[in-house]
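Structures are listed in the sections that come next.
Below, subunit A partners subunit B and then partners subunit C, in two separate complexes.
Moving on to the complex of A and B:
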């Protein structure tokens, strides 16, 4: 019996050390991998220009949609903007902009200065709608297909590599 | 016998009614939701933009008649289980939930063994 206890204690120690080793090597930052493959829930976004509503049915019209959350006060949004401008030239994808907790006048100036890559522009004045998309900061972008399945989620500014990745996805599928 | 059955059904339905009419404790929900942009804080402890938005969403969901579990389900669907400090039992965290009980049973076995050994000696 003593032998069994000793073996079990050694086994438990190895197990606990193994868990520590794995946990310390694992990033504890929030990541969105688990959301890929999920479908978007019921969406209702208010148009930036008027009070018309943008719903799930509007997403179904496009092969791919990139939903981009941005604001004029967000410095990283300026960094990713050239990538969005380049992506807007692609035929297989439409970009939906969600202006996040921003002032209309500042948002319009931002687009006038840097260009407007958005096929559709909506606003989320208090940030509540963004929770429906699992957004926790901006810039964030979600690539979905016409079945409203999340293909990829980008947290932070889109890089050139992200842009190539998106192009590869939309041109190969 | 009929009275027993009637009383059982009565008490069960009474209990169900009590649980469904219980007011939802908003601060309890806040304490169980992780502030994703903070370091180890719940949204109850944080005044970050994200925490404030999430508190507004929780308020709206309660107003719309959602239960505590439905609120957790909704948010974990949007942000993953990471947003919950107390996630539900699933295949991914089965070991995490069961390990304390396994250790407890194992500890109990060791204690019983040691007591038996001690009593044999005396």
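Moving on to the complex of A and C:
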């Protein structure tokens, strides 16, 4: 009996220490990169113009969709805007804009000044919907295919290199 | 310059420590009962060197010597001198140096104060303690060196995290460290006791003071951390069951259990191995806590920076400690036939220990479970207050009853329990609870039971103080304060009011019995931050009393951070607690107002609880 207790204790200790060791190699920071490869969860976004709802099924029509989170008050969004404009010229991909915690009038002015790359435009006035995408700051963009699998995530403004990267992905498949 | 001095002192400390270990082994070989004079001398030198080493670092922080990476990363010339000094232990490397100071000083004090105990026991304790010291010194020197230099020398430092620039946090680490690093000495003593077969009553006497003093400091350390969280984090709560808070609570449970089981060991010479396990457990949990917090596995204000090599080192150290203690326990353990009468003080103390173990296991599971699920299944979950509250609170009720009865019971065999007296007290407690609910507010069944059981403990402890001819004030004060602590937490929880609303300048809002008016906003420049200070007048419509609270939004320059400072008005009956935060692109400010009754009494209860510990320390020192 005593032997069994001793062995159990030792195994338990090894187990706990082993888990500690495994955890060391993991980052405990919340990192949405880990979402890559996962399916997109259920979403419901409200259209920017009217109250119609945009759901998962709407994504299935396009071979690729880039979901871009932006706001007129976000300076880096202005920096990435030319990249989005260029991407909007591609045939294989549609861009869905999610206007994040913004005022309608400012958002419209932003698009009027810099151009409108969005095939669809939705709004997330209080930022709650974006949380479901794992967004914690903007700009952020998510590339998905028609099976709703997340192919890539871009945290921060899209760069020229990101743009080429996206083009490569959508034109190779 | 200071970098070289610091490194030299560190190396010198390593040499002294190694020499102590070497001399101690030599001393063990001698058959006489004398400890070499040289061991005392080197121990004194060792403590002095490590202290000078620490003050060298303090000096570097005071003069803002940015040639040290540590100072550069954690200080700034514009920081007030007080926070420059406290910045020394406000970071991983500096706080490790504080660790070693406590390890060393406790080692030296244990050596010189236990002269009436056998040589072999003392020397073995010294050896084990110095192996621990050596381990930490190597860790500091090779992995977490506070004296690493940087070139070219930066002109300015990066600054200390603003939420750490706080008087409570300046004293929080030293207090807590005396607590849980102090437990190292009875870890070493317990190992030495098993190795040298020095067991029973005398062993209990040799470590009792150390357990009491570390327990008292640990209690104070937890309190100060909690007060800081209350006014700095702006949530209005004082305990969040955050993994890092739990890490400080786990050794506290083990210490509290040990404190009580030592009484049995001292008086009745039983529960020896159980006490040994608790000694080993306390320090092991302290190091586990340090590992969890410092390795970056848990994210919190205590995680200074993520560095996997740091985690690996502490983990290896922890594993070594655990397996060495398990090995020694397994090889030396002898089953004892402890005769304990079920109606005796021993039984009640054992019950205390079971409760402590229950709390410990609950909190340990809650803390480790998210780490385990993340490591095994990649699932990120968090265990929050609902788990702890629902598991722990009902058990606290039963615990308080046992805590009230335990001290009345005699050692060895109690004749009978005076049920009549107990019944009277319980009726009294129910009456108090009835008065509270009748005049103020009714609350849930479980809250009723919490209030009744805590009042029961308070009344019976007070009666105890009057009935006995020879009373133990330390015990009375501690038990009494614990009863009060639970009582005030219960009332505070049930009578707190919270309101959340938006206000803009000049606007008045009426909510329930209060009128809130944002009268003024002003921008003020301070040494190391600027602040938007709100002037909010709260008028109590029932009493016509007006109070002004001044919450702040602070903008720190180095590093650039925004913090929200709660404005708190405290009196003996309640705290008014108010935070203000700006809303993006709007003239409105979000106001969170809380009225928290009897808040100050929660703090006072904990101070009294640890005061009981200090009294017990003095009493114990006198007796020996």
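Things worth noting here:
Assume the second predicted complex is superposed on the first by the 142 of 173 C-alpha atoms of A that agree within 3 Å, B and C clash if a C-alpha of one lies under 4 Å from a C-alpha of the other, contacts with A are read in each partner's own complex, and residues count from 1 in each chain.
Everything that follows uses one rule, which is that a residue touches a chain if its C-beta (ideal position, glycine included) is under 8 Å from a C-beta of that chain, and two chains touch if they have at least 3 such contacts.
No experiment lies behind these values; they were computed from the predicted model shown.
Of the two partner chains, neither subunit B nor subunit C is touched by A:7.
Look at A:126: by the touch rule set out above, it reaches subunit B but stays clear of subunit C. Within the superposed three-chain model, A:38 lies in touch with subunit B and out of touch with subunit C [touch as defined at top].
Of the two partner chains, subunit B is the only one touched by A:134; subunit C is not. In the superposed model, A:53 makes contact with neither subunit B nor subunit C. Once the two complexes are overlaid on the shared chain, A:25 sits against subunit C while remaining clear of subunit B. Counting contacts as defined above, subunit A residues 30, 34, 101 meet subunit B in one complex and subunit C in the other.
Contact residues of subunit A toward subunit C in the complex are 6, 9-10, 13, 16-17, 19-30, 34, 73, 101, 103. Looking at the complex, you find that subunit B touches subunit A at residues 36-37, 49-50, 53-54, 56-57, 60, 75, 77-82, 103, 106, 110, 113. By the touch rule above, subunit C contacts subunit A in their complex via residues 291, 295-299, 306, 308, 311-312, 315, 318-319, 322-323, 326, 330, 368, 371-372, 374-376, 378, 380, 584-585.
Residue ranges on subunit A touching subunit B, taken from their complex, read 1, 5, 8, 12, 30, 32, 34-35, 38, 41, 101, 126-128, 130-134, 136-137.
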